[in-house]
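Here the structure comes first, spelled out in structure tokens, and everything after it is commentary.
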Amino acid sequence: MAAYCLGLGDDALVYAQRLGEWISRAPQIEEDMALGNVGLDLLGQARALLTHAGELDGGGRSEDDLAYFRDEREFRNVHLVEQPRGDFGFEMARLLWFASYQCELYARLTTSSDPVLAGVAEKAVKETTYHRDHAEQWVVRLGDGTDESHRRMQDALVAVSPYVAELFDDDDVSVAAAEAGVGVLPSTLREPVLDRVTQVVELATLTMPEQSRWRSRGGREGIHSQVMGYLLAEMQHIARSHPGATW
Amino acid sequence: MAAYCLGLGDDALVYAQRLGEWISRAPQIEEDMALGNVGLDLLGQARALLTHAGELDGGGRSEDDLAYFRDEREFRNVHLVEQPRGDFGFEMARLLWFASYQCELYARLTTSSDPVLAGVAEKAVKETTYHRDHAEQWVVRLGDGTDESHRRMQDALVAVSPYVAELFDDDDVSVAAAEAGVGVLPSTLREPVLDRVTQVVELATLTMPEQSRWRSRGGREGIHSQVMGYLLAEMQHIARSHPGATW
Amino acid sequence: RGAAGDFDALIAAEQRIEPRDAMPQDYRQTLIRQIAQHAHSEIIGMQPEGNWISRAPSLRRKAILMAKVQDEAGHGLYLYSAAETLGVDRSELLDKLHTGKQKYSSIFNYPTVTWADVGAIGWLVDGAAIMNQVPLCRCSYGPYARAMIRVCKEESFHQRQGFEILWTLARGTDAQRAMAQDAADRWWWPALMMFGPPDSGEAATSGHTAQSMAWGIKRFSNDDLRQKFVDMTVPQADKLGLVLPDPDLRWNEERGHYDFGEIDWDEFWRVLKGDGACNSQRMAHRVGAHEEGAWVREAATAYAGKQAERAKGAVA
Amino acid sequence: RGAAGDFDALIAAEQRIEPRDAMPQDYRQTLIRQIAQHAHSEIIGMQPEGNWISRAPSLRRKAILMAKVQDEAGHGLYLYSAAETLGVDRSELLDKLHTGKQKYSSIFNYPTVTWADVGAIGWLVDGAAIMNQVPLCRCSYGPYARAMIRVCKEESFHQRQGFEILWTLARGTDAQRAMAQDAADRWWWPALMMFGPPDSGEAATSGHTAQSMAWGIKRFSNDDLRQKFVDMTVPQADKLGLVLPDPDLRWNEERGHYDFGEIDWDEFWRVLKGDGACNSQRMAHRVGAHEEGAWVREAATAYAGKQAERAKGAVA
């Protein structure tokens, strides 16, 4: 079960890392704040989940041990969250999918047989509902805004689409977690998420992209895309430069 | 004297790191090779100089200890070499200045009272002469090529110019090294380098940029520009992730 | 209220001027310039600390830092709103920032080269800012005063967090202690410069300072505020176990204040005029973000327009 | 030489065909396609290893890796030159690469996720490439054969370097050993796929393979080469102390070869058709570099033109 929590925690941690890059770079100051908020919520989720994973696996590792002293192959996040910051349209497309996924996921996890996980989920449902609303509003605004924003938003949907299927892959860990009543089978989230996103895309006068020729795979097994190593180098460098230090 | 060698070594190391980024990204395959060659030469210089610095300071540190386990504040390179990869014009402008500087520097260092440094210089003079020629040819080609390349090359000269003065700053370490007959006073290199670059710029139908409002300072005292921390994070991450390992 | 003559009476009575009150054109312009510069400083000030969000060495520190930088965005928003009550709008002020017609605090042209700088900014830069800002909570212009009350509350929270970062470092490994001391060495003098050039004695009775004081915008001279800051900060440095980089710094029993050394005003003017380590970087970053976001703002406007049309259509 | 009939005679006599010799159109096209694909593979092959230049964990390894990736650029150049002797030019071939009309080796669509992958590519991928390429040193087309001689010499140097990386890791810390084993686990099967789909027995006597063999371009079937590679590599893995990820791998006394398990050809076809981890990334990177460099190439051409004009002017 530790591995299951790690997967959810790493998704949140890595996406928080990417969202942090927006602060001071957003299209308007309100958005610096909003994206910072989403990032902070995710960072909070990550801290709770990594702490819990550290307790469950019995190795006595803290949230920081897990965030800063694991190697790339040990990170269990999906590829979607590790992709580099693109334009604002890309971010809203990514957030739309990710928050919609998290929303469904945490709603289901509130009844997890693991009370800690259920507690995290309880809080996260509210947060991710806000994130999803925020993304939905922007996708609609950009899709139904100017010609340029329509084009960019459509491009963003296409750019994000190869990373979506992986969210719903039933990896061994999730299957075991679902069987134990702790977790949720990812494939069961697909339909409600897809429905909701499809509605938003239509409302935004956009079209769902066709299935891309390739799709991401393997994040949950620690096979990441090329950018991940650089993300971790940046995130971990100071902590690893001072082994054993407290901050 | 260790600090003096570190300064020269760090210049070479950090610029080799930046040039390495060109490999597989150059405008033509010949240039992947040429920039790789320049990078390799600089890396060779860096290894010799860091090794020598490690011997001189008596701390028993190897080239890898110095490259991978020093913090940003301990690096003594100028800002010019740490700047992010720009377009090919930017790289040729940077290489023009840097190789011209190194060329003069190493020509003078062949008579250093430190025989190891003199030996490094002997080899480096040949290498940097080739680097300078390469940059000169490209600056002329791009300056006197198409309208676009002329404009880009002129922009590149402007972009690089705030980082040039620092090459010729007489920091305490260089002054001491020059007084001891080991090193060269940087300010004495300025005129010949400037003359040579000016000639190339004119031949290229370009104009020397005016003095910029600001100029870089402090690299030799370990005050670097913002990009340096990220460069080091990337360069050092794997080595620092495996303390004590051999590769 | 409302008549032109009331302004002087309100000021004399230490009452607040409110947006709809009449006010001298110079008072308005001075306030716009000052509030805008303050807002710009918050926005530009996100960058030096934002530089460390991705590399913060613990998740707790990362969360605190993200929240802090986000608060600065919030302060920028309150302050732009306060300026807007004076009849300008935010986009106009941002344009002035982007074209260099309005300034931001020169302190943000210094680079953040280690993690300890995040602590030093909190402790010293926010500390100096608070010293400047607390009197502004009693500023004669109401909306500015109220914004400052809110800002100051958050800033003092940030200042404590900065202190705590340095406290932890100063009690950490040798490398961490050295990092903390190095940060104090680099930020001390720039923090003192934040109060602006000397304006005590004669200087204080003429020019900008005198006028701003008469208007109840400024309450203390730069030098008085600087002295208060030094007096507050030296004992904090002792508590941290850090040495401030000034050999002339010592308690003067007679004055009841700390004496301190000469400030390098050449550096101050050099950085102010654009030759600081980060001036052009800060502007390029800010202008870059603004330009890259233009299509988003345009889309939001276009969408709002369409929605308004639709609403009209639905009503009609 | 020169008459059309000579081609068959030269081939029959195991003599080399040279650029000015007459040759069947199909022979020419087959060679162009094969040499171009080979050249493209060298160019695209710079990326997976180039990914580790900036992060190589020692300066010595960094230098070796930079030199290796640079060698690959050099191989690309020889091979494009060899193809050019057949009457195409490099930019035409690059366009075909960029538009997906010509392929590169599918192995480069696998990601390099750890430093050990640099070792595994040298050991297994270069090892497999050499196995494919050594027979090409005797290829019937002269320029290709000569290019291959040079390439093979450097490749076997690279292969030893890759082996040495893994050797060092396998004798290093626990984490390093695990990294080496993980790399072997991930690269073994893709390396076996590099020899292409099965073509022994009946398959070998028909289609492409048969024709290429008759022309002296191909000398061994895919399956024969694969077997040779397995036979060569298994003892090397033992020497390294790494376990190859195939439970069916064992020495078959009778055959005098190693038996090995079933290859997942579905994965092979999936990756070949574009759904590998890095297909689109590799192409985007390559096309991006080419497009970003367009202005440079145009400038070089324009300058050369001006120089030619000036030379003419000087002569006239």
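Quick notes
Note that the chains take the letters A, B, C and D in the order they are written out, and that residue 1 is the start of every chain.
One rule holds for everything that comes next: a contact is a pair of C-beta atoms (placed from the backbone, for glycine too) under 8 Å apart; a residue touches a chain by one contact, two chains touch by 3 or more.
This structure is a prediction, so every number in the text was calculated from the model and none was measured.
When the partners of subunit A are compared with those of subunit C, the chains appearing in both lists are B. Each of B-D and A-D has its own count of C-beta contacts, and the greater count is at B-D. Separating the centre of subunit C from that of subunit D, both taken as means of CA atoms, is a distance of 59 Å. Taking each chain's centre as the average of its CA atoms, subunit B and subunit C sit 37 Å apart. Listed for subunit D are residues 55, 175, each touching two or more other chains. Counting partners per residue, subunit A has 71, 229, 233-234, 237-238 as the residues that reach two or more other chains.
Interchain contacts give a graph that is no line, ring or star and is not complete, per the touch definition above. Inter-chain contacts occur between A-B, A-C, A-D, B-C, B-D. Subunit B contributes residues 71-73, 162, 213-218, 223-226, 229, 233 to its touches with subunit C in the complex. Looking at the complex, you find that subunit B touches subunit D at residues 13, 17, 20-21, 23-33, 36-37, 39-40, 43-44, 46-47, 50, 63-64, 67-68, 87-89, 140-142, 144-146, 148-149, 152, 234-235, 237-239, 242, 244-247.
Interface residues of subunit D facing subunit B in the complex, by the touch rule stated above, are 43, 46-47, 50, 53-63, 66-67, 69-70, 73-74, 76-77, 80, 115, 165, 168-169, 172-173, 175-176, 285-286, 288-289, 292-300, 302-303, 306. Interface residues of subunit D, counted against subunit A in their complex, comprise 51, 55, 111-114, 175, 179, 182, 273-281. Of all residues in subunit A, only 71, 229-230, 232-234, 236-238, 240-241, 243 touch subunit B in the complex they form.
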